[in-house]
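Look at the two complexes coming up: chain A is in both, with chain B in one and chain C in the other.
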Partner chain A sequence: MNTIKQNHNDQGHEEHPIVSYREHLSTLVALLLLTVMTVAISVFGSNLRTLSVATALLIASVKALVVAYYFMHLKYDKKLYTWLLLIVGVLFVSFLILTSIEFLNR
Partner chain B sequence: MEHSSGFSLPNSGHNRDAEASKMGMWLFLFTELLLFGGLFVVYMVYRLLNHEAFLLSSFELNVTMGTFNTVVLLVSSMTVAMSITAIQKGNAALSIRLLFVTLGAAVVFMVVKYFEWSAKIHHGLFPGQLVFDNLPKGEGLFFFLYFFMTGLHALHIIIGAVLIAVVIYRTRKGLITAEKYTLTENAGLYWHLVDLIWIYLFPLFYLIH
Partner chain C sequence: MTSTALNVNFFQAKKGLFSWIFSVDHKRIGLLYLYSLLTFFLVGVTLGVLMRLELLNPGKDFLEAKTYNQIFTLHGVIMIFLFIIPSIPAVFGNFFLPIMLGTDDVSFPRLNLLSWWIYIIGAIMALSTLIWGDGPADTGWTFYAPYSVKTGTNVTMSVLAAFVLGFSSILTGLNFIVTIHRLRTPGMTFMKMPLFAWALYATSWIQLLATPIIGITLLMIVAERFFGIGLFDPSIGGDPILYQHLFWIYSHPAVYIMALPAFGIVSEILPTFTQRTIFGYKAIAFSSLAIAFVGYFVWGHHMFTAGMSGPARIIFSVMTFLVAIPTAIKVFNWVATLYKGSIDLQPPLLYMLGFIFQFMVGGLSGLVLGALATDIYLHDTYFVVGHFHYVMFGGTGFAFFGALHYWYPKIWGKMYNIKIANIAFAIFFVGFNMLYFPMMIAGLMGMPRRYYDYLPEFHLPNMISTFGSWVLVTGLLLMLGNLIAGLRKKNQPKVGRDPWGGITLEWQTLSPPPVQNFDRMPVLPKDGPYDYEHKPVIKED
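Then we have the complex of A and B:
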């Protein structure tokens, strides 16, 4: 019996804490608030033109991180997944930034 | 391997590996991120080259519909996450119900998308239509990218919905249980990715005026 239990632990499921419904609901509320924020800035703050591009992308990135951290369980998974995502993310974002710097300096 | 020489491992008779499945799913998601990433680079470069045209064209899109769809996807992301909690607690019935809500959200998203696209096509803005063909270069690029990127995203919504339907079927059959729910988790990861891409598509096409 004990060995069977041990085997199940090896499957990797038992170590996962169960995320509560409440935590998922709070995550959604946070995401909705951020959405309201971006739309409001875009619709009512069009005089802040240059600022709004950066803010919109910043808020989108915060939302993406919230989705990855809570909904995609990175908070509870092995840190390896977070590192992998960070490597892909940093690589991609640095390419975006370098490309635009290259463009803007010509 | 029929000629295995009596070599056997003392295991429990099944060879599932939840961790490896999840790792496989994440690696696949990284390729998806880079696929859309490439498109975002194209968007960025064309936007830098055609700043005013992209600004003007973005006013053609319906912010209300876009916002509505954003909310629909965020809610569906939560219901998928909750369905994993439900199956972990052994509540298959609730898990199925929450997955059906997600499926419903996918349908709502596609219906809204249908109305959005029909309006654009009605105005002749689909690549190959008369109005589109006579657009200045910048506006043309905007609408080409709009249709290609939201179209590819919509394709992902359809694939995700099929995946969730499979999860519902297998949960109902008792093949997915509190001890064995890797498929629910992986379908959830895919669905969250679809949400994640929309989180960027929405402000880039609808909001940045």
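Then we have the complex of A and C:
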């Protein structure tokens, strides 16, 4: 079923999409595969050392984005919300970078 | 709805204690916050006065050293987490944001009530340390590790209280963001929104994004105390500087949670008492967002002497100076608003002028601390205590009491004695500067902060400071007494809808406002919220 739109006049004339089962299922499968990947790296990638942590964080970030984009409907929302999420992401990465600069130069 | 129902004010709608403590009306919740905040504020003031009494003379006067440490910690926890962080948003934001936006409530009224209950639970937890366990924490309000992990005092309950209070802050921030996005009256675009709403918007984003960081950090302290994980305690492999990073990643933006709403208050009161359009509306609005954003990247300036690496110190010092730009933009615009305005020196404006003067002293002394070289000498001295109180109390505290005088007739439909309010302001202002300016002098002379005792050469500034605390308390009690007397006075003439001549929407409704906020459709001024050239004619009944 393709995405269709429906009016909810009692909620300020907002249009809310009804998302297809296929999209939901594909997202679920993607998340499960990413989880399997995280477990596989932690079990079989022990010689990656620091990189295994970085990889796990990267996969977790991708999973969070997939959840926000599909399950939390960021894909269908106004662009403003994507910008807000990006700003939060920039803040978080800045915290990591600034703290790392401090730690690595001690 | 009948016209009679529209005229029933929110005090008359329902009676009894339960109708207040379980009310979902934003106005009642705002007042619940006001009464609770003022109670805790007075507890904090009492603790502060006790500290000043102990410091009147060198050596022991009447407090033990450990008790002194506990008192300054509890003073800090109460003033920061129970008073100044929630103060303006929780009281005046709750009461006036929906009215200024022309709507009937916040987006999530039940969540709003829950926020107040969480606040009360957090407050009880914080105060319970006075009578429960091993006494209040003696770590200072910053709960620095590793001492906070090792001390026998009741740190766990104190940090859990701050953790719980954080939820109240987050939920209020969330509520305001959604309200501002979704419930503005038709025709009120973001660029036609009052600057108080802009200030609350910027503040709410900080509350929402920064508070979870302190939440998890404080839980890490509890985990470290109970399980000895080795997060912050260097004796078991932890990193105490990591704690300071995590603490200040929240607590520096929290300074803007405290200051930004105060900026919003100034931007409301100045146009009303100069009867002219605010100078630089867009510059003030966007500078709030700029302060909120840049404020995230400056936390390291609290740690210059903590053993942080050199490059990080330089980066944080430079970033700190960037915050001065949007802050100065605001101050210049406020002063420009006064220029050639029809100035009416009423009590709310006096508090705002006091704010601008004291905030400038606080801000400029902040530059001295933000500069790497001078901070090395002044860090952890009384200069920092003086600077902090100038910004927080001289700034936000004065804005809070200015707002109380400004919106008093709208909230209660009565008026206080203007002459006594002016006298109280004068005493309060003199007392404030007597109390805190000598602290900066003592700091420059080298007196360390948080010390129970001091060398004889620091006696004079300490003595003046303690005398100042008595003057300040006199002014405070006179001010509060005058406000309470105004409420109790009978047979007062009605103040009407717009006693000060303001034009934001709250001045178009009844005083006190009806349950639904407006008895008739509010009219937006043609060119924005401070368009005094096209001032809407506000008819009384």
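The definition used in the following text is that the second predicted complex is superposed on the first by the 93 of 106 C-alpha atoms of A that agree within 3 Å, B and C clash if a C-alpha of one lies under 4 Å from a C-alpha of the other, contacts with A are read in each partner's own complex, and residues count from 1 in each chain.
As a working rule, contacts are C-beta pairs under 8 Å (C-beta built on N, C-alpha and C of every residue); 3 or more make two chains touch, one makes a residue touch a chain.
Predicted model only: the values in this text are computed from it and were never measured.
Applying the stated clash criterion after superposition on chain A shows that chain B and chain C collide. By the touch criterion defined above, A:Lys79 reaches neither chain B nor chain C.
Look at A:Arg106: by the touch rule set out above, it reaches chain C but stays clear of chain B. Contacts of A:Ile18 after superposition on the shared chain: chain B is touched, whereas chain C is not. Touch criterion met: A:Ser94 reaches chain C, while chain B stays clear of it. In the superposition on chain A, contact is made by A:Leu31 with chain B only, not with chain C.
In the superposed model, more residues of chain A are touched by B than by the other of chain B and chain C. Aligning on the C-alpha atoms of chain A brings chain C into conflict with chain B at a single listed stretch, 220-228, out of 94-102, 112-120, 220-228 or 328-336. The residues of chain A shared by its contacts with chain B and with chain C are 12, 88, 95, 99, 103-104. The touching residues of chain B, when paired with chain A in their complex, are 11-12, 16-19, 22-23, 26, 30, 33-34, 37, 40-41, 44-45, 48, 63, 67, 70-71, 74-75, 77-78, 80-82, 84-85, 88-89, 179-181, 185, 188-189, 192, 195-196, 199-200, 202-204, 206-209.
Interface residues of chain C, counted against chain A in their complex, comprise 182, 209, 241-242, 245, 249, 293, 296-297, 300, 307-312, 315-316.
Here chain A touches chain B in the complex through residues 4, 7-8, 11-13, 16, 18-21, 24-25, 27-28, 31-32, 35, 38-39, 42-43, 46, 49, 52-53, 56-57, 59-60, 63-64, 67-68, 70-73, 77-78, 81, 84-85, 88, 92, 95-96, 99-100, 103-104, going by the rule given at the top. The touching residues of chain A, when paired with chain C in their complex, are 12, 87-88, 91, 94-95, 98-99, 101-106.
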